[in-house]
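Two complexes are shown next, each including chain A; its partner changes from chain B in the first to chain C in the second.
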Partner chain A sequence: MAKRKFGISFVQVVNHTRCKMKKALSVVLFVVLLLSMSGIANAQTELSLWYHGAGNETERSILLGIIDDFNMAQSEYTVVLEEFPQESYNSSIVAAALAGDLPDIIDVDGPVMPGWAWSGYMQPLNLSEGALDDFLPGAIGEWHGEVYSVGLWDAAVSIYARRSVLEAHDIRIPTLDDPWSGDEFDAILEQLQASGDYEYALDLGMAWTGEWYPYAFSPFLQSFGGDMIDRSTYLTAEGVLNGEAGVAFGEWWQSLFERGLAPGTSQDGADRETGFIDGKYALQWNGNWAGINTLAAVGDDLLFLPAPDFGSGSTIGAASWQFGISSSSMNAEGANAFIEHAIQDEYLAAFSDGIGLIPATAGAAALSEHYSEGGALEVYFGLSEAQALVRPVTPGYATVALVFEKALADIANGADVQDTLDAAVDEIDQDIEDNMGYGFGDM
Partner chain B sequence: MTTAAEARQKAPLWVRWLLPKDAPLYQRNDAVIGWLMAAPALIILTVFLVIPFFMAFFWSFTNQRLISPNPTEWVGLRNFGRLLNVQVFNLEPERDAAGHIVYEEGAIQYPRLRTFTRNNPDYPHLDGLREFTSWQSGENRTVILVGDVVFLRALINTLIFAAVIAPLQGGLALVLALLLNQALPFINVFRSVYFAPVVVSMVVVSLLWRFIYDGHNGLLNTILGILSFGNFQPVDWLGNPYTAMPALIAMSAWQAVGFHMVIWLAGLQTIPASLYEAAGLDGAGAWQKFRYVTWPGLRNTAVLVLIVITIQAMGLFVQVDVMTRGGPLDATQSVVFQAVQRGYDKQDIAEGSAISVVLFIIVFIIAMVQRYITREKE
Partner chain C sequence: MRSLSFENQQRLLIGLRYALLILIAMIFIFPIVFMVVSSLKPDMQLLRDSGSLRAFLPVGDISLDNYADAFERVPMLQFFFNSVFTTVVSVAAALWLNSMAAFSFAFLQWRGKALVLSLIIATFIVPFEVIAIPLLMVVNSLPWLGPGGIEIGWLNSYHVQIIPFIADSLGIFLFYQYFRDLPDELVEAARIDGASIWQIYTRIIMPIAGPILATVAILKFLGMWNAYIWPLMTIRSEELRPIMVGLQYFFQLNTAWGEIMAYLSVVTIPVLLFYLALQRAFIESIATSGIKG
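Then we have the complex of A and B:
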């Protein structure tokens, strides 16, 4: 009824209008039709990109520059950026995955990637042959033999020291090829502490709870010959975390705090930021991201020294934020094209200059301000190249990291080393079993 | 005029269902409007409280993960078994070849517990258990082995926290309320000052108190040093297992004391001034006035304050998360912190749900007991 009534009145209205009006109407209709048709003809496929760095203007402008360049360079795809605060980024991805609403391109933290790949949130990259040849190993995210993510940068840690202090105490300055041995390092800490000039000889950064613990401290364990999990099977931590090497590491770790050589878990966050610069601490275990600020405060006296070798070589943690493609993306081709566009040396260098991170290729390092030859942080590129070892590549890492953090905090606070590591192993193994091996073999 | 029966027949089915058979017409309208007005709150409560509650309850019997391609499976009481597994074990001393007990520096030597609890086929029921506590009984040691030391510590810590903070915070708030329930100049300024910490985010308060508790040059150590003319040895308040929990309790009590003070103040102002006048005429002193006029008048307020503090205390989380993350040596683990850490950080929703269910049951029991104890006696 209603429909017909409306139809009649419309006809009546049209009948009452003059010829002019009729013409005007048809012109308008024609224009509208034309516009909508041209819209269809020019429609580009939209690629959504989610990024974790909301709030950082520098990061945003560099990333937008990359996106604009890509959108201009071809006509098939338009990349649209959506930013999230880092704290809520991972939960946003998980929520989007559960809702079946993932974007095409996501960025993902290196150690988290296996979990998302295993859970089916991501698909392997399909870049052209040799695109990643020059990349630092830590910037490439692999899972079950396929590359799922690639980073524009990496991060690294080193020992911050003052040349004047080492020379005054007659301490050898170590090199990448000839780092301090474990015993040598320990003796140096004792010596610096005994000098009485410092509250503590070594600042490990115990105030930085969370991912810093496994990222920064598991390399010591690896240098002792242990690890957080058995990387040959990824099915257990037994004998690796709580074996002889693990216990030896644990005893040494505990003794650092017992002997008062390093501030413990109750370290104040502000002391962590400024303690080395203020001269409270003689040495500091810190990442390249703090390099520029420390350099500005300390000047040329500042040294970035490689990790000590406790017997099984020196390693440092690797892998930072990387780009990957969601499994639900219908435009994987375009997403791959964008990632391949983004990993050009000039962009890597731009990110490095903007936020101080290590560019992922040697070519980009040469273009960058801090990591080129003679650059203030050049040494970090060498460290990443030579010593980087990614954190355990398993979806179980989320649990491993927390268990390891707690074990190290407890040992630092005086818990029995063997019992604590045993308990950590049990928890890790239980978690692996509960998850049917996280895709490694049958359990 | 339509009769009630006719109105019922015309009314929609759900209205008929809601109303008693002989309800008159005007009640029908009231009921509809009543339900409509309650609807927003009911919907929000259902979506954000009731449904999650039942989901948690359901998940606690499964192996649900936050993210996983594996199917969710029913595991029965496994999660609760892991949380609450407790065994008593008699540890016999080490003996030499001749069967004599081995002594070292006068102390009986025992084999390491891990020889029994790790991969020992003779003791399958002890596999993976950890020592919670132990004591000497004769030449043996009696060891309480539990499946989940951290959870048990968290539970005990939370109960201690609640047991200490309820009288502490409630009492302190009452004292403040009594002091501020006077017609002094600028009294509202004082009331605002004590209330200020309540409106500041707990995260901010926790961060600030980390500075106050700093082991080297924190405010607290500095003040104690000055007051004792430098004789006080700085204490690492949050780094010492013995002081960490008391430090959290003191800081938490301070933070929310203003809130409960306001509730007490409201209670105080319901007591008629005539009662105090009458008591004064009868020759009652200040203490007698408090004991026989104020306190009985505050009875219902006291019940409210006590229950609110207890329930809030059982949810202890932010302070732990920001200040200690459960350390040192599990001294400040709390139940909610463990639920969040396992459910979200370790991605084990099932385990986190199981902890939440256990917490729910405990809070429910405590609330029931409190209601029973503080009930109106005939």
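Then we have the complex of A and C:
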């Protein structure tokens, strides 16, 4: 453009302000010196604790109680809590790790722990001998033979059913020792669907995307004899995800939707929440966290049934949120002391009563409202103890979970089972290779 | 067959036009109606109604309980203050700084101006997600004068939510485009009358920059009010969190949908008010953009 020719230079402006800035800088430095001299030494060592439960007042009050007890029980450390929303907690931890600003104590979701340990965010725990002897296996986070995290509770899934419905259709009520076989389960689904009383015989929760897919559905694959990855090496999914058992699982999975026995990926989230309670679905595959609300709506008629056995035993997922120590903590001794304090039975029972999850020890279960003998959710402790299998303990799980979710959704929507599982294996193996085995073997 | 008179044809056209406009308006209004109506219902009823027209009607068990529960679950007033504070300061600073930068590009002569302007405009194509981690590293190593003296790192503060977002390439570009199209005579006449560069900026240019100020203010307001990723990465303390991060508080094992709708209804009000306050200038800015002075 040919305008703006009145040509005022910045040089004059800069020279004019330079003199003023020198004076201002002198004042600032003087103030800084005064402020620096006013620091007050703190007698106690502060332990920072980051927790994922922001927005859950019950969890907060229980955790604050544990912290207060710890802070009062000794004089060397003071635990200070910072809470984060669960949905974004992992992002906050990764950002803090990048910034070199991790707290002393972190809580970590069970399947995420190997990734954080491998990435150098965490250090192994150093708890007293026997401190974890009575813990459910799913509540202990192990990586390369060392315990990195421990949970105050575990979670489990089961089949929700109404006793009246099963009795009306003359269906056997399965037990932990004698669950439905795969064929029996399939026949029951056909029978319930054919009754015409329900929109669908089984609600799998297809509307809940994300971690629900590997957590809730991989146990079916494992019961068929397959898995998401070869756990003997953690270096490939070849043969276990796309082998004979994997394909058999995939074909059964696809048939559930082809036969109209279960709502597919287009399931409305609202139906997932209310469908079983409203009687749209005869059976529901759901977690123990929904048990109390469903009991309130359905009453004593509600049953929590074990997963069916497709040939290799009944299996359910395990591992929930756990406490660990960051690798950058300079106060690991204090952090270990706090974790050991927090895993006392009375606290595990308090958490269970407050948020409905499974106490991590039998002693705590006996103290709890819902999981003690005769409690409404008692069956879940047995399920967790007998059937729980943690998700693959590898840093590559993040990729495995995403790939598995997509494969299951594709198969549900009609994709060729063998091709889809082969493609999933390729993707998982490529990720393992790209990350040089994630610390397993020589790649 | 009898044809319609011209008058009737006009009426029909107007009727059709209004019908179309109403339809389009409903597409935008219905989600807001759904949000507000749902905020008054218990979770189970909300979910059951969501598949029918009842979702848009305040029927059934209606109450303000979700609002009370949402306020109890989340320190909403604190989050609200944090968002208002960071947004207002950012918008004010951005209007000042970006307009000055654009003024420099439009009216001052200095070496390399075209190159610098090109570089600034080129940053449009870089999404925030790409620079988020490098930016985190940068702010984590910058000094700040705190109550305990000079501290290294800006994390967990108000200023880390404000300062990195004041200079804004889109804002500079919009101001520059607007200034460039102003008549030359305005500035030249001021120069002849002896006005300084500061006087030209404050007394000649800015008083007639209302429409572009409104546009940049609205865009900046929306960006800052909706800030989510950056606060997640940089803020540790609940006392400093903005309102959008608070939304995550409701996604527990059993999601509190009614409270989410109540929270969103409260969160949306300032955005609507801010837009309505500047609506006229905003539309004027869009309507006149591209017209040469």
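The working rule: the second predicted complex is superposed on the first by the 401 of 443 C-alpha atoms of A that agree within 3 Å, B and C clash if a C-alpha of one lies under 4 Å from a C-alpha of the other, contacts with A are read in each partner's own complex, and residues count from 1 in each chain.
We take it that a contact is a pair of C-beta atoms (placed from the backbone, for glycine too) under 8 Å apart; a residue touches a chain by one contact, two chains touch by 3 or more.
This structure is a prediction, so every number in the text was calculated from the model and none was measured.
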**Prompt:** Should A:Trp208 be classified as contacting the first partner (chain B), the second (chain C), both, or neither?
**Reply:** neither
**Prompt:** Looking at the overlay, does A:Ala290 come into contact with chain B only (first), chain C only (second), both, or neither?
**Reply:** second
**Asked** Is A:Phe440 contacted by the first partner chain B, the second partner chain C, both or neither?
**Response** neither
**Message:** Contact-wise, after the overlay, does A:Asp268 reach chain B, chain C, both or neither (first, second, both, neither)?
**Reply:** both
**Partner chain(s) touched by A:Trp252 [first = chain B, second = chain C, both, neither]** = neither
**Asked** Comparing chain C with chain B, which touches more residues belonging to chain A?
**Response** C
**Prompt:** Is A:Gly55 in contact with chain B, with chain C, with both, or with neither (first, second, both, neither)?
**Reply:** second
**Asked** Can you pull the chain A residues that chain B and chain C both touch?
**Response** 268-271
**Complete:** As the complex stands, chain C meets chain A at residues 43-44, 47-48, 50-51, 72-74, 106-110, 133, 136-137, 140, 145-150, 153, 155, 180, 184, 187-188, 191, 197, 229, 232-234, 236-238, 245-246, 248-254
**Asked** Okay, in this complex, where on chain A does chain B touch?
**Response** 94, 97, 115-116, 118-121, 199, 209, 264-266, 268-271, 395, 398-399, 402, 406, 409-410, 413-415, 418-419, 422-423, 426, 430-431, 434-436
**Request:** Using the touch definition up top, name the residues of chain A that touch chain C in the complex.
**Result:** 1, 3-10, 13, 28, 31-33, 35-36, 38-39, 50, 54-57, 82-83, 85-88, 91-92, 95-96, 98-101, 268-271, 273-274, 277-278, 287, 289-290, 293, 355
**Message:** Looking at the complex, which residues from chain B come into contact with chain A?
**Reply:** 63, 65-70, 112-114, 118, 128, 130-131, 149, 210-211, 214-216, 218, 236-239, 241, 325-330, 341, 345-348
